[in-house]
Each structure stands twice: as C-alpha cells, then as structure tokens.
Amino acid sequence: MTRLNRQSLIIGLTFLVLAVLPPLLSAIDQSYYVSIASKILIYALVGISLDLIIGQAGLVSFGHAAFFGMGGYVCGVLSHHSANDLLVFSVFTGTNNALISWPLAVLVCMVLGIIIGVISLRTTGVYFIMITLALAQMVYFLIISIPQYGGEDGLSLWTRNKLPGLNLQDDTQFYYICLAWVIIYLLIAHKLIYSSLGLMIKGAKLNHQRLIALGHPPFKAQLMIFVLSAMGSGLAGALMVNLTQYVSPDYLHWSLSGKFLVIVILGGIGFLFGGLYGALILLGLEEILSSYTDHWHFILGIALVIIVLTSKSGLYASLVGRKAT
Amino acid sequence: MILFIEQLFNGLQLGVTLFLLASGLTLVFGIMGLINLSHGSLYMVGAYVTATVTNHTGNFFLGICAALVCAAILGVIIEMTIMRRLYHRDHLYQVLATFGLILFFNESVRIIWGSQPLFIDIPQSLNFTVNLFGQGGYPAYRIAIIVLGIVILLALFVLIFYSKIGMLTRAGSSNREMAQALGININRLYTGIFAFGAVLSALAGGLAGPIYAVEIGMGESVLILAFVVIVIGGIGSIKGSFIAALLIGIVDTLGRAYLPAFFKTFMSASDGAVVGGSLASIAIYLLMAVILVVKPQGLSSKL
Amino acid sequence: MTKLLTAVNLKKSFGGLNAVDDFSIELGKGEIHALIGPNGAGKSTAINLLTGELLADQGSITLEGQDLSGLSTWQRAQAGLGRTYQITSVINELSVLENMLIALLAQTQQDQIGLTHVTKITPLIDQAKHYLQDFDLLPNAENLAGELSHGEQGRLEIAMCLATNPKVLLLDEPMSGMSLIDGKNMIALLHNIKQSMAILLVEHDMEAVFQLADTVSVMASGKIIASDSPQIIRKDPLVIEAYLGGDDASG
Amino acid sequence: MIARLVIVIASVFISVTAWAEPLKIGFLTTLSTKAGYLGEDIRDGFMLAVEQNNGQLGGVDVEVIVKDDERKPEKGIEVADKFVKKDSVTLMTGIVFSNVAMAVVPKMVNQGVIYISPNAGPSKLAGELCHKNYFNVAWQNDNLHEATGQHVNAAGYKSAYILAPNYPAGKDALAGFKRFYQGEIAGEVYTKLGQSDYSAELAALRAAEPESVFFFLPGGMGINFVKQYSQAGLNESIPLFGPAFSFDERILGAVGDAAVGVMNGSQWSHDLDNETNNQFVEAFKAKYERTPTLYASQGYDAANLIASALAATGGDVTNQDAFIAALEKAEFDSVRGNFKFGSNHHPIQDIYIREVIKDGDKVTNKLAGKVFENHQDAYAGDCSL
C-alpha cells in the first residue's frame, strides 16, 4: 500500500465520517457535539487558509486572529445594528442576512489583508512573524477601544444570520454550511497550489534569489496568496460568530494566532488537509482532557512538547509518513 | 516641566525592566536562533520564588538569590531535555514547543501556588521616596532598578566583548560548526547561555514583583513587549536591545501620560481619555511597524 | 560588433577595503569576454555590481544604452541581464521540468501565470521540454533538480537563464567542480549559445578560458590590469606576476 | 495509530449520561486564569450552604455541576450549551464576569433556564434586557461605585480624580460614581486593560492635586495600582477610594499595608453583625481556613435563595411561574440582614463603607458606616417586568 493511496484513503474516510457525523451523533443521543464539530470545522478553515501561506509561500503569520476577529466583528456589528435598528456610520442600515454580511466580512478582510500584507511583505523570516504580530495587536487595541461595540464585553447576536431557505439556528444545518465552506475553500486552495501561479509562489519560497535573478519579483503573487488566506480566516470568523452568537476582542487576541499556528504545525506544514487534522487533534485533545481535569492545560502543554520532539513534520503528516515540503 | 522629567524617569524605569527581560531573550535568540515563548514563564517563576522566599525569610535579597538559583537549575533542565533538540528545527517548531511550555508553566504555578495573586512588598531598606523633583517624591526602589539595569548592561558588555566566554559565545553564534571543530564544547556553552538567559529573566521577574502583581500569566503580557524590544533593537544585539527597551519604555509612558490630555483639548473628557488611552496602547506596535518597514533588520544587527 | 553592456569606472569599497576600483568593461553581442584573476581579486563583487545585488559607490552601467544604475536586480534581469551563481542556484526541491516552467513563466511566458492547472498548459510544457532536450536534460525531467549531477545542474541553470532570452549572460565560474566530460559539454554548449548574446565568463579554468574567450580581462586586487586577446594576455608579464604572486599581488 | 486516536475521540462523544434523580444545578464560573480565585470563592460559599443542609437545598437533593469558563465568553457559551443539551439543566448560576454573563445569560433565559447571578450584574440585564427568568442576588454593577460616590460626596471632598480600565465595566463604574458625587472631577482617566505600570498616571494625578481619588481596577490591575500609589507616597497626602472588588480579603493579602486606610463601598463585610452572617463566617473559616470574601457571601446567599424557593414549591421546578414567584419573595436569611428584590429581580439592600485596617499582622476590612438604606439600582425603570 503505497504512501499516496494510504493518505487518500484516510482523507476519503475522514470526509465520509464528516458527512454523516450529525445523524451518527444524534443516533447515539450526543447531538450536543454537533456544535463542537462545527467549531472544529471553523478552526480547520483557518488552519487550511494559514497553511496556504506557511506551506506554499513560507510566510509565517503570527497575526491571523486579526482577520478571524475582523470577519467576526463585521457580522457582529451588522447584526447588532439591525437588531437595534441603528445606522452603521449613520448611513447604512445593519443586516442579519448572511448573503450580505458574510461577503462583506470577506471583503473587509481582503482590504485588511492587503494593508497588512503590503506592510509585512517588506520583511522576511522572523521579522515577518513579528510585524504580523504587531499589526494584529494594533487591530486588537483598536477594536477594544470602540465603546459602542462593547469593547471587552463584546457583542451578542440575538440570532444567527439568516440564509434564505435554511434555518441556521438548527445546529445540523449550520454544521453542513461549515462543512460546505471547508470543502469549497479546499477546492480553491487545491486549484491555486497546482496552478502556474502556485508554482511561482513555491519557487519563490524555495529559492528567492533564483526567482529575482530570473526577473520575477514574487511580491505580487505572495500578496495575492496572503490576501486569499486572510479572506479564508475572515470567513471562518464570520462563521464562528454565528456559531457562538457572540463576538469579543478575545477573537483578536494574539494567543488565538498562536493556537492557529499550533493547528497548522500539528497537521503538517504544506499539507493541504493539514489544517483539518490539526484542528481535529488540538480541539479533540482539549475536549477530551477538559472533561477529565481542570488542569488540562498542563497535559496539553506536555503533549505539544512531546509531539514536536517526536515527529519531524507534524503529527498527522508523520502518521501518514508524508515528508513536509 | 517637572512632571515631564518625572514621566521621563518613569519611562526610563519601565525601559530598564524591559531590558532586563529582553537581554536574556536576545542572547538566546541571537546566539542560538531559538524563539523561546516560555521566556516569560521564567519571569513569572522568578517573581513567585522571590515572593515565597522573601515572605518566609523576610529578606528580599535572599529571595532574589533563591529565584536566580532556581531559574538557573530550571534553565539547565529545560535546555538539556527540550531546547537542545530544537536548535536545528524550523522556528515554527520552536514556537509550538515553547507554546506548550507556557501552558505547562502557567498550570504548574497554579497547582503549586494556587490561582490567587501573591504578596511581596518592597524591601524596607529601599521603601522611601527620594525628593528628586522638588515637590514630589520618586520611589527609591525604582531608581535602584534603573541603576541595576545599567550595571547589568555594562556587565553584559564586558562579558560579551572582553571575556573568554564572551569570545566563545560570539564564535559559537557566528559559526557553530567551526567553533565545534576548534574544540569548543558547544553543548555545554549553549546550556550555559540558556541558563544565563533564564537567570536574567528570573531577575527581572523578582525585581518586578514588588511593583507589579505576582500572578499567573504575568509573563505573557511582558513577553510581547520583550519581543518588540529585541526585534526593534536588532535580534542578538545587546546594545540594540538596551536602546530599544528605553525607547519603548519612554514612548509607552509618555504616550499614556500626554495622549489622553492632548485629545481632551478638542474632545469631551471621557472620549478624549478613551481615544488617547487606546492610541497610547497602539503606540508601541506602531513604532515597531514603522521601524521594521524602514529598517527590516532592526536598528542594529551587530552583537 | 554592437556593444550590449558597458560599465564605466565602477567603484565599490567596504569600509577601507577597495573591493572593486575603476572597473570598466564592454560586452559585445556574440562575444565571450573572460574575466580572470586570483581569488579575492574582486571578480564576484564585480558581477554583483553589474546585477545590482551590490550598489556601486561610483560609475555607470548601461545595457543597450539604457542606464541600469537606478534599477533593482529583478528590473535589470527583465532588461535582459541573466546570471548564474558560483554555487549553482536552481530549485532543488522541485523537478527539473518545474524548474524550466518557472524560468519560462518568469518573463517570456508571464501571461501564462494563472489558475489553470500547470499540467494542462501544453504549449508551456512543450516549450520547456524543448529546452530540456537542447540541454540534454529531458530524461530526468521528472527527477528533483537536487538529485542531478553537478554538471547537469550547471546546464539546467544556464537553460533557465536562456529561457528569459537574456541579452547578456554573466557566468560565475561555471566550470568549477565539473568532471572532464561535463567540462567538455559545457564548453561546447557555451560555443553554440554565444551568437545571440554577450557572455561574461568569470573562470579559473585557464584551459576553458583560452578555448572560449574572444577577449580576456585580468583583474587583481580590484583593478583591471590588462584586457586583450587571449594570445597576448597569455604572454603578458604583468598577468603572470599577478598570478604567480609578486610582492604586490595581495590576493 | 490514527485508528486508536479516532476511537478515543469517539468514546468521549458517547459518554452515557447517568440517570440522576437529584435536581441538577449548572454552576458555570471562572476557575482558571489569574482571576480564578473569584470563582473558587463563589463556589466555596455556595457549596458551604449545600453541605450545611447535607447535600440538599430546601429539602431537595441537588447535584451541583461545576465547570470552568476560563473567563472566555465563547467557552462559557459552549459549557452552558452542554448543561442544557447534555445534562438537561434548568437552573444555572456561578458566572463571575460581565462579559461572560452578557454572552451566556440572554441565550439561556430565552431557552427557559432560570439563572441566578451570584456576581456579574451588567446594566443591560438590569434594564432593557431584564427577564423573568433572570435574578441577581449580589448587586447591579454600578451599586458599589454609587455608594462610594455618595460617601466621598458626604465626606465633603470638593474634587475627585477618577480612574478605570478602558472597557464598558470601567465606564459604567465611573458613571455610577458620578451619579452620586456632585463635586468637581479633577481628572477622568481610562487606562489600558491589563496594564501593570501606573507610574505615568500617578505622576499626572499628583500634578492635578485632587482632594480625593476614586479608582475601579479589578484583579491584578488594582493590586499594582494600590501598591504603586503607596510607594509614590500618595497615600499620606490624598485619600484613596474604590469599590470592594479591589479590597476583598484575598486581594488584601496580595496588596498588604499599601491598602491600609483606604475606604471601599460594599454591600457586605465579614464583621456585619447579624446572626446568619456570624454563623456563615465561622463555618466558612472552619471549612476553608480563610476569611470569606464578598464573593463567598454572594455564593452562600444564592444557595439559600434557591433553597427557600425549593422549600416553598416542594422541589417542583417544572412549574416555573410558581418557582419564580417563590424566588421573588426571597424568604431566606441573607448574610446582609434585610434583603429583597426590586421589580427587575435586582437587590434592594443596604450598602456600607468599609475601612481597610491592620488587625495584628493581618490586613482586613472593618465596617465604617452605612451609606445607603434599601438602595435600588438606577436601571429598574427601564425594565418592563
């Protein structure tokens, strides 16, 4: 059984289980876990989008919570305004309609991604990590200081966004929306990775000097993939806010950016499905450990150290015997 | 005008505290290329050990020594078991492993000392105010920290540039294989440097205890500032870290002191305070972003 | 012979050391101009000044009349300046074919960069395979570039440079570390590509230099001490002294 | 290896809920992070009442499920969701922080859960978003600030310099103070959340030369501020005031002598002389070997309130209107003496001013006078109940 089809077998199996999870869970009277599964899918979406820039372009962003939180806040603010029929910047009416607020959230994250991308891509290596962290912290402090949007107390959404023909309040339907978005984003990522654009981005990561000597500055392509990653995380933020019907500065906090990095590393860098398995492993561990003891951070901490020391390229990747690029 | 000098002094004091923490971090990062997120945890352990020993023995300096010894031992253990395997690994794996260490340290402190903040007061010998600015007194303890920070800077300079160990360290940092080939026991040297970084961090924690709160997670908020300092100062550069630490200490303090007042002139009192307050907290990160855009390798990348 | 690249008294000093001083050179189309000299003479620094990887303190560089001094490295490359490196710089973790595709997409096939699946852009693939065939690399199209022999990697790097249709090609010791056969192949290769461009050959292998070069410049401690046809240079006392290490050849 | 991992995760999903006859109470509070001791105190106070009735409240066996929200609203929502869907809980309590309360309470009460807050009392839940299923047995967030404002005003201080963190609870606090303090505001400063060094603010404060200083800085921020305030020698020249949140017994342990002399507003003190309180303080010291804080007293009262309602309805929680009516009567002996609910299910109670004194080598609070008699929060009018 060569390595390749063992990997595709596991992936196929995973998606099969994901597809039938809600009915499976309600069969064993555990339907509460459907919303936990949705949360894992949302974190997976961020993991996949972050892995795009780390795996393909070698850009390690320590500030992806900025996009995740911003996407969430766009939805939160719009539905907050529509619930209390206030006007946004006293011009637009708020909306609770997903067809408007989700694309808007992704659009705002695209703009934010361009701004942060243009500034950060001037640096490389460790300095890139630090500048993305700094810019994300600025977004955090900016949002926390806006009194009307609740600052530290955050904002509550009275109901989840509305999608015509669907009732998002129902956990199972919301779960399938999340699964759909994960699959759509995977397809987009797959198309990009195996396209000529993806090849140039990979080339720039592996030998920046040769690309420059060939007369091809990678800045434009890197910015494009950075923005695509920001949009993915922004969408995940919008979904998360709908799942919990609440948004707060915690979604912009740097420890969340750290958690996203952990997910990418656990899943295996440069591995398309890495984000999915990283989220499953990390949040699965959290769920299992926290049901046994209040001191689960202690065990998770040790587990992370052991995982790094034992595996060369991420837990999942080593399970399947894949070498990270 | 006197108020401005006092604020400047406050900025200096905050800068020196940051330098104490950042110096350990930049040594480990600059020389061993290791991103150590758990550096803040050693700061916390230093504060907790100092507080506990001081409360039992009543002698603050004994507390500090106990913290330094404990940090050195802890530093050696961590370096040998974990860090040694991380030197050649990608920065990302270092981040993951040390992120795990943060969780481990925070939770172990909670198990040992409980989640309630610990009490530690200023040593009696320094608990007075110096009439530095005519009408107001300035806490002597903070002046002591400023003096100590400068002493440590000079000591580090002598150590790095004029001592045998310093020479070995610089050799190790510029070309690890060559240094090893020349017979320098790199492993023992790196353990020494890491432990020394841990001691510096614990010292910063011990000294900060009486001024700030000794509580779980106190290391993380300071850790971010320490990373900002070493990046602006140029990674691995002690001189750069000192300049950057003072710069950030002053910018943060003056920002908090004058920005709200500035915005209050043309806004209502509470709005001005809110906008000014939040801009002050953004100031440091703005400073870092600007410096990195202008000089992508920080102020000075020499050692 | 049309002059493609002219550099006029370039100067570069690091602190007190004058790495390159009053360096002038002209590269004509269809001509191989060799630049020889002992280690540390400033040859690599000179190349880096031409490509913009190092900024000259003084002097000007023009390519077909266009002033390059204000341009960054990739802009000069787009103006038609290709180069190889002392340590061959190819993308080891990607296949030989992918290396060629990247070289083509860098400039000549830039409009092909898009979201269509790489394997489906047949015209691009065919052109890449055509280059590989010319450079006798087609059999290992699917192998990783890192797994090629030193000679093959050297040929791949040059093939990638040619894919950008350079007007001037700067070669930094292409013969170093080559086996005898690879050396011969490389010399033959350089012979038949030189018609369409100007080549600057920085090399230590005198045997190759005297077989290929139309003119030879000799560099010692940052200065060009002689520049003439290979036959004259071979007998020039100054050159011999610079090589055999007289008192001033500080190396 | 992957197979084993999937089975482990699946096994957690299928943990069969034990069939339990006792009434389940969902106790969601903050146990981890540096503010963990607040949740611990509320829980200890609550469990003390349960133990005193040997595992029952109002004659009904109770099972208190205690879970940690890690001071994160989204974690609170997740755990609350689990209480309702997995453990079919209909009675909840325990939340410490307003931001967690704002995220969890509206959702829970709309799903028919009765929530009794032992601590967080955000203004919205007392006013426009009040709900028949929501009770607050502690106070509305502004009350202690209002009491301190009233005290500073009555004590004749002509100017006050006020500080709070830059977040909603901080703005509520200063608004509450200004509602009862008529004197001149010498300065209104919002500090960064989680700030540790206040030297800049202290220097500006000294320059403004106010007659009094009021601050609301919870947890570690308060500890830092009070320590640095006394180290700058300000505690001799300018009296310091604040709400009880920065002067509970466990924080006094971390601040020490720096806090001596500070006056703080509180609805409870361990030396409040009434029969229930004395018994509660003794029992708490006996069981936990430490003096109870106001949080512990609020946990104890919450348990006894529930006990009184369970006794009145014979333990039948299904008839919610009857149970809510019983809660509204609040026929239980509160450690604060007289206690009754306003129309918006928030307390109408006396509020005192306490002075921090040095008692032997221990620093503690001493009752120094009553500021309000039967004080009601300012938001009852906006509530439609």
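Worth pointing out:
All chains are identified by letter, namely A, B, C and D, in their written order; residue positions are counted from 1 within each chain.
Here is the rule we go by: a contact is a pair of C-beta atoms (placed from the backbone, for glycine too) under 8 Å apart; a residue touches a chain by one contact, two chains touch by 3 or more.
For clarity, every value in this text was computed on a predicted model and none was experimentally measured.
With B-D and A-C as the two chain pairs, more C-beta contacts join B-D. Averaged C-alpha coordinates give centres for subunit B and subunit D that are 35 Å from one another.
Centres computed as Cα averages put subunit A at a distance of 45 Å from subunit C. Taking each chain's centre as the mean of its C-alpha atoms, subunit B lies 49 Å from subunit C. In this assembly, the C-alpha centroid of subunit C lies 75 Å from the C-alpha centroid of subunit D. Counting partner chains per residue, subunit D has residues 31-32, 166, 171, 192 touching two or more of them. Looking at subunit B, residues 110, 274, 277-278, 281 sit in touch with two or more other chains.
A list of each chain pair in contact follows: A-B, A-C, A-D, B-D.
Listed in rising order, the residues of subunit D touching subunit A in the complex are 1-2, 5-6, 8-9, 12-15, 31-32, 68, 72-74, 77-78, 81-82, 85-86, 98-99, 102-103, 106-107, 122, 165-169, 171, 192-193. Those residues of subunit A that touch subunit B in the complex are listed here as 54, 60, 62, 119, 122-127, 129-131, 133-135, 137-138, 141-142, 144-145, 147, 254-255, 258, 261-262, 264-266, 269, 295, 297-298, 300-305, 307-309. Against subunit D, the residues of subunit B that register as touching in their complex are 3, 6-7, 10-11, 13-14, 110, 114-119, 121-122, 127, 129, 136-139, 141-142, 208, 210-218, 221-222, 253-254, 256-257, 260-261, 269-270, 273-274, 277-278, 280-281. Listed in rising order, the residues of subunit C touching subunit A in the complex are 51, 73-75, 77-78, 82-83, 85, 89-94, 98, 101-103, 105-107, 110, 112-119, 121, 124, 160-161, 163-164. If you check the complex, the residues on subunit D that touch subunit B are 31-37, 40, 166, 171, 174, 185, 188-192, 194, 196-197, 199-201, 203-204, 206-207, 219-221, 223-224, 227-228, 231-233, 250-251, 253-258.
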